[in-house]
């Protein structure tokens, strides 16, 4: 029998402290120290280097002046990080706050020198918790910075492609790299949806056999997960649209058909989510009606057995009564008050009457359709 | 009695592997080898030829230089296919990926030299599974390529009309052929909807007689099928609208009133689907209330019988008690503790009291309306 | 007591055969032979003539060259009809197909020489079936053709007004005649809605007294009828709007305020339908809660009676037991195992205990509020 | 204890007779004879006069040539009224029909010489019926006509202000007077909503104590009343918007900020209605779950008592059986078939076993949590 | 065990008296006397002064002619306040009415010399009541007035920042101060949502263990609170949008990115509210199905015990009957009517039969799955 695994939505709350100066950085609890990897590439060149700190970056840029850079930062729990970007790259305070505030909706904000984008990474981790991680991007003409909450290797395949020089990835500048990362994030939505969809199918199968509190609970969890995915996919779609229509020079023209493709994927994600949401709704409806059906079944058994035997027991009770008209003095029975008891075939007749009553009731129940197993 | 057949939504999943290079072709599991048929036609000419491979196409075009061509490709499970179109026709990689990724929503994408369109074919196959098949089109000025997932003969009537030269089909260029194929796909939606609608009517009839777990399950299946059709029809409608408003020269002006007609059909499909969805919702509601009604009926039987006989049985029990004030030594009865037992008509009186109680209860239940059969 | 009549939605299905040449006419099953009446009128002239066939039309036009004509065609089941319009009036094939395909949504299509419009007539016929009939119009500068599915006399009052020359009807050209016909169709929506609304009120009244499977079924039918009316009224409204904004010379300027009036009526229809739909929803909700309430009542009766008498019966059963410590040899009773049985007032005490138990239970139930009749 | 009063939606149906000439006046059943009051005012002048008939109007205007006039007409059940306006003021037939047809939605129609506006007055009358009355306005440069269905004094405060010359009312022309009347109508919506809201609070309080069929019915009535208010407020809002954006000279520029204020009030009405509608929905949900909870309680009592005593009664029944192996001739007992009956402590042991069974069941139910009162 | 606290929505009703002159001030019941604090600041200057009355304001402005002023007014229950602003600052009557009418939706109104804005402050007070307080703003080039209903210290952190000169707050004029106040109000929405969200989690946990009337009631309260927050956040979002797009010189260009940030926060609030609303809906659904599940459990216990013991009791009853064919004269038993009673092993056989019946029933119930604890 298929086993149902418990799906759980991980929730990390970044609760903004009301009234702090806007643009002031507030690290969320449990944020990680940054790990920085610099990927520098050109048509035929590819370098990958782990940096100890952002201060090595200057030197790194100087080393590869003609190459395109993608600086992959995982872990955002260091105030120095934000300082660096404010001073070196003149990034607006509010943008830095948004990188630290991990509750952003997917969006793209255009600034004079750079673009700021947010995506939401959704995936199931080993403990079956659904992670909802924020990935932010700063897009400069020659450098792309990506900021990831955790150390997870979700974007590994992009790095692999970059390493191997497959496809357009090394040729088409930073905006194509930005697209590649966003695209893999959306592709991961499909993986998650299908995983949840498989669970739903198992639940449906089990439910049809036997309604169950746990199945109901699990269905509700999946429904919520679906709603969460939709909540990420809608603004993701809008973001893609904004990028396609953007007139910023930072987004190269040849990247746009690819963004359109990701836009279509977002639409497909939303469609799938809606389908599965409808499935959960119908499962919940079916569960309710199955429970009611079961109750009917239980009640029918009770009613049939009680209705047949309670009247019979009454009859038996009657003939267990001790009525006898006795002489109060001698105790001698003057008259048989219940002559049936003392007739020759009283017992047989009584049993016969009982049988007739039982059979009539059975016929009644059978005609009501209560004896069939459904 | 009408029999309910089990409707099933076939689901083929094309799960995009996250991170593969965009535009790289990924064949779905169970995809079929292409079968190619070339139809070449003019006002008075008509040739139909099965091609072994796409390489024969060049030769074929040369043979009929003045004719219009429709190349009907069924089965898309061959990487060579995609290669051919990329090299010979300079089709964009993402378009080819969309042909292979069979989860596209209906859409029309305009490129400089060609149009790319997707339709979704929905039909019930022999095993009562609802197929949701993708049909893609590449529209060039003189050639139309169509890519179908399976070998099904859904578009047969169009071929028949082409063969017989009926209507405008041979005169009006490739965009009219594209319209003809799309139109037959939308017409098939009606066939499917009415088939499902007939099932619904049977279910409603059965349900009114007796609520049933299987009927409920079946209703939910049909509801989901309706939602699936709507999900295909909405973007289909948008696609039609895009084609009507398109300024591409590939879509001839005289085709547009026909596209408007298909647009209207899409609207009718959506209307019908909404109607039937409402029917399913009301069936589910009715099922729930019917189950509750049945429960009421069952409980009434139990309550009436128990309420009447349980008190009577109690009385019988009382007079089955062995109370007697005896002399502990001799066992002689000193006093009749329960004088009713030894009175002359105790039994008759008791039976009379029981009858009165039973009749009073019957009157009570009759006034409550519990004795009527409804 | 008000009686509930069964409302039924008549459904005629025109199932398009997939793949027939677009514009080819397909008569629906049960379509009727056309009956043609020609009304010719001017400010002071009025002629009404039944025509045998459309071929007499030419002659008719010649007879009244200065008058305005309305050709009222009822019954559309004759292929010759469509031929005639294609050849004589150069009407587009798709328009003719739309006249024959009786599932059109209300719409207005503008062509160079004429306008094509569709309305949906909704009314209850004698057998309480709701008819959903299509009426199509071809508007030429001096002639209006109307195509009605059945022979029903729904537009009779317009003919009457025309005959009597009341109002603007004879003065204001063909577009005013088109408006008059459309307006009466929308007015009939009100009649239908109020008829259904009256049924709803009766149902509500009955429901409050006693929940019932048939009432539920009837409510659902009315809900569906309401949805059907809304489905006709929305595109009707859009059609009115299109006509008001149309720049076609075929729609005279002075007709437009009247069209605006019909537009307002459509809005009122939609409002009314929404109101009544809300009523059906609340009836369904109330029905469910009434059923549950009844169940509660039934269960309370069962519980009270069972709870009181089952323990008492147990006590009676105890004192019906035959325990007695006898000498195995002589059968002489050595000891009264159940001394209560043989005590002087055992019976009275037992009855007293039973009474106390019963009274305590009554108090318990009374405090729970289960003894009140609600 | 708070008492629940029965709220009732009064429904007057103006059923348009299909096919009457558009613009022909049809008086609704029970319409009242007009009572006419003429208010004439200037910055420092104020006259109020009851007119016998509209024919006195000409004379009245002549008497106060420089003043602004508001002619307050209550009761619209006189065909002469409509005649007068058609002839004297050249008001369009359709406008007059709209005044008589009391089912109009709030709207503003601009004509060359005048504006026609409709508002809907909603209020609870003395018998707790919610009235939905139509008030129509004809706005001319120097005269405002208002047409009210009934004789109710809803606009009294405006007359009072006019009399006392408070605020801008005497200075700012007819459009400000129109605004004042519309504003008071919208203000009355609040009064009605809060009255209904107070009922809801009482219901909620009662419901929490005890679910009840009448409460449910009342909640549904209030829900419908809320929907009716929303149905008036939405087009009222649109009307306000149309008036603000109107370029008609009849609406003075300085009136517009006031109209904006009424627009905001409409939005607040809609907000409040939505809030209360949500409350009704949650009350209905809670009622259902409360009923189910009660059922659970009832069933628990039944189950506990039955489960404990039915097995015990069985045991008692067993020892009430008369088994004894007797010599068929002499009736002498050869063997005690049920030796327990004749053992020394059989009775005690049996009672002990019964007690143990009862206690075990109590423990079972206690651990299930069925003994707690919730 | 987590304890559920009762959440309550405080409702203060400002019921507009219909018909009062528009712009006339009506103080709500319980409104407070104003407390006025004047904050005057520049890049390096900061003064904070409590004013006795608004009359001291003139003098205050003169004292700090070059500084920017924020006049923080808490408590709006003084008619003199409104007089002052009408006379000194020529504020429109309707604006002043809106300040007093504490039911405004968030909005921004532009006037020639000033802007008028409304925000809604939502927070939980000490007694766990959710306060919904109105804060209004009048923005002049050098002075910002804020009007708060109560004396609550919600904006304290802004004052703190102003005092300490942190961030841009002292540099960026009145529109930045307006933004700061609005921003802290929106930030407080998050605090409230998370507080409610924590309650929801506790409820969910408790609910899974045991459905409960109080939990249901609490869930409904939280749902309503969520709806109330959404009702504040939507127009708040629109207000932000209006301010961003406003061309008024009163809103400085450099404030706009900050307003965009608050706009994003509003969107996040709406998203969160939707998520939690879905959670409440699923809790209500789950509660209903849990109650039904419990009922099933209870009924199963009743059915199993009744079904097993009722037939057995019947058998025991049969053998408790006193049938015996006696000589009416002597009372001598002529024939054993119930020979089983007098056979050698009758008792054993009967007990055996009972056991078999019980075991068969147990098997039946076990196969139905009713014996498992779920």
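Observations, loosely collected:
Here the chain labels run A, B, C, D and E in written order, and each chain numbers its own residues starting at 1.
Just so it is clear, a residue touches a chain if its C-beta (ideal position, glycine included) is under 8 Å from a C-beta of that chain, and two chains touch if they have at least 3 such contacts.
Bear in mind that the values here come from a model prediction, so they are computed numbers and not experimental data.
Think of each touching pair as a link: the shortest run of links from chain A to chain E has 1 of them. The two sequence copies chain A and chain B touch through a face in which the numbers common to both fall below half of the numbers used overall.
If you average the Cα atoms of chain B and of chain E, the two centres end up 40 Å apart. A separation of 25 Å divides the Cα centre of chain B from that of chain C. The set of chain E residues that touch two or more partner chains comprises 288, 292, 295, 299, 302, 306, 310, 313, 317, 320-322. Of all the residues in chain A, the ones that touch chain E in their complex are 13, 15-24, 92, 94, 97-98, 103-105, 107, 109, 210-213, 216-217, 220, 223-224, 227-228, 231, 284, 287-288, 291-292, 294-295, 297-299, 301-302, 305-306, 309-310, 312-313, 316-317, 319-322, 333, 336, 341-348, 350-351.
Every residue of chain A that touches chain B in the complex is listed here, in rising order: 154-158, 160-161, 166-169, 180, 183-184, 187-188, 190-191, 194, 208, 257-258, 260-261, 264-265, 267-268, 271, 274-275, 278-279, 282, 285-286, 288-290, 292-293, 295-296, 299-300, 302-303, 306-307, 310-311, 313-314, 317-318, 320-326, 328, 331, 335, 337-338, 368-370, 374.
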